[in-house]
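Below, chain A partners chain B and then partners chain C, in two separate complexes.
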Partner chain A sequence: MSSRRSRSRQSDVSRITDHQITDLISKLQQLIPELRGRRSDEVSASKVLQETCNYIRSLHREVDDLSDRLSQLLASTDTDSAQAAIIRSLLM
Partner chain B sequence: MSPMNNPQDLNPSSLKSRFTTRFLRALTKINGQKPISSSSPREMFQRYRRIKVAADKSMAWSVRSRRTWSRAMLWKLRSRYSCRQASSSRRSSVRTSTIIKSRQAKTSHEKENKNTTTGQDEVGFVVQADKLRKLVPGGEAMDLCNLLGETAHYIKCLTTQVQVMRKIAHFYSL
Partner chain C sequence: MASFIPNLEPRPDTSPEFKRKKRRKTYENPGPCYPTQGNQRIKRWRTLREQHIYSSKLIEALCRSRRTSSSAAAKEVHETADRVLAISDKGTTRWSRAILTSRLHAGAKLRKHKKAKVTANTRLQKPQINGEKRKLTVVERKLKVLRRLVPGCRKLSFSNLIEETTDYIAALEMQVRAMTAITEHLASALGGGAQPPANRLGSNVNS
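Entry: the complex of A and B
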């Protein structure tokens, strides 16, 4: 009797957690350009995670490339006027 | 006008504007540190490293300690800095070992649960989750729910970072 109750409570807990996790995974799916348009029941959870890893890696690479580009540009610009223009365009 | 701008950015305390201000300040400092007349490969590389660290640090500081990943990144940047200054590696190794222990406990626990249900997908899920832990700062010590939430925020911040850096590079190249 008690074992049955504890087992059902365990599955209750795992059902709640599974639902939470499914919810979080579908939210994640919306952030990834590769998978954004597709329905969440079409894409498996491990596929979402795999594409997430790939997306984060590509973002890291972009940051690296941009840092490299900026390091080359930094020398040859008049930074003050450029910065004023940047701030104006980004924030207004 | 530009599709990137939306009303939220007008808010001077938005993530984008906080990051932009900090990062531009850091770039000015890097630019002023050394006359960049010579461009030996070593100096170029050092400048690239400094800019990359400045970008990550500016983003983590703009998020402050509101997120686990930003706290982990700030901690990592700070400890790397202090390691270069002095040999205080004992503190970081203690922290690393506790993180590794908690990670081993968590992943073995998750693996147990996953193996009771059959299916390749569950095993693939755990493998991908472990890969994700390595990519997100502080991911090794997070449980699955936190990992997924932190990842979503981390991705949002990374895309903002890339957006702003691209814009800055565009203006510098004019």
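Entry: the complex of A and C
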């Protein structure tokens, strides 16, 4: 009992209720495409966090690949024609 | 008839004000309160308008950076994309501010110092919190990994971290969508449609 009281003075973590934690984790679960359809009581918190980390890493990798392709495309042509081509395609 | 009018009038006056007051409160107290304001931010990332704004800013920034330095390395493109993403957030979230400040301070030196400080603190704190040995639980380990992935969130509390993560994921998704569209447009425009404009201009010859 006394250890719980001292812990609440030291850190803010114990002030957050369990209900809020499950709420936040279910909110996170809705964002991840793999876990979106499943019910919140089927998926554990650690699995949600794991899938979140994996998803963020895969998004980073995708942006890496895309920037690689984009740099190759931009290098193969000079700036003005690239800009004109993009603007033309965006307007259309 | 007369009874309807006073009912209607105060509502449109008070409801946006009440919402504004709610928003101010949540900005001031970064505690475990997360009203609809977070959902509105996420919906903003999903609109097409935001994607178009980001695309045009990114193209502008890329062309500007290509004029200054001739090499267009993939890492440079990635950094530019991240920076424009952080700018389009207009500093409302922690990760965007962390991206922008890390670019300004030439992040490598600062990150090394910060890492040394953080590890020293955790080594000191671990035996002090409980008398016993404290092993990190599974959830805490995952949170640690998450803290490393989302920029600027190393010392954040649990609820703030989850909020930042949701915003960061939405922003990254928009970044992927926008960059995919740009690459496709560029590839199709340069590959297929490049020849007719070259004929019109007469100067550019793409081999």
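Criterion: the second predicted complex is superposed on the first by the 59 of 92 C-alpha atoms of A that agree within 3 Å, B and C clash if a C-alpha of one lies under 4 Å from a C-alpha of the other, contacts with A are read in each partner's own complex, and residues count from 1 in each chain.
We adopt the following convention: a residue touches a chain if its C-beta (ideal position, glycine included) is under 8 Å from a C-beta of that chain, and two chains touch if they have at least 3 such contacts.
Not measured: the values here are computed from a predicted model.
In the superposed model, A:A75 makes contact with both chain B and chain C.
Judged by the touch definition given at the top, the superposed model places A:L35 against neither chain B nor chain C.
Residue contacts after overlaying the shared chain place A:S46 against chain B and chain C alike. Chain A residues 20-21, 24-25, 27-28, 31-32, 45-46, 49-50, 52-53, 55-57, 59-60, 62-64, 66-75, 77, 79, 82-83, 85-87, 89-90 lie at the interface with chain B in one structure and with chain C in the other. Residue ranges of chain A in contact with chain C, taken from their complex: 3, 7, 10, 12-13, 15-16, 20-21, 24-25, 27-28, 31-32, 45-46, 49-50, 52-53, 55-57, 59-60, 62-64, 66-79, 81-90.
The residues of chain B lying in touch with chain A in their complex are 2, 5, 9-10, 12, 16-17, 20-21, 24, 27-28, 30-31, 36-37, 39, 44, 47-48, 50-52, 55-56, 113, 121, 124-125, 127-129, 131-132, 135-136, 144-145, 148-149, 151-152, 154-156, 158-159, 161-162, 164-169, 171-174.
The residues of chain C lying in touch with chain A in their complex are 31-32, 34, 42, 52, 55-56, 59, 62-63, 66-67, 72-78, 81-82, 129-130, 138-139, 142-143, 145-146, 149-150, 157-159, 162-163, 165-166, 168-170, 172-173, 175-176, 179-180, 182-183, 185-190, 193-194, 197, 204, 206.
Listing the residues of chain A that touch chain B in their complex gives 14, 17, 20-21, 24-25, 27-28, 31-32, 44-46, 49-50, 52-53, 55-57, 59-60, 62-64, 66-75, 77, 79, 82-83, 85-87, 89-92.
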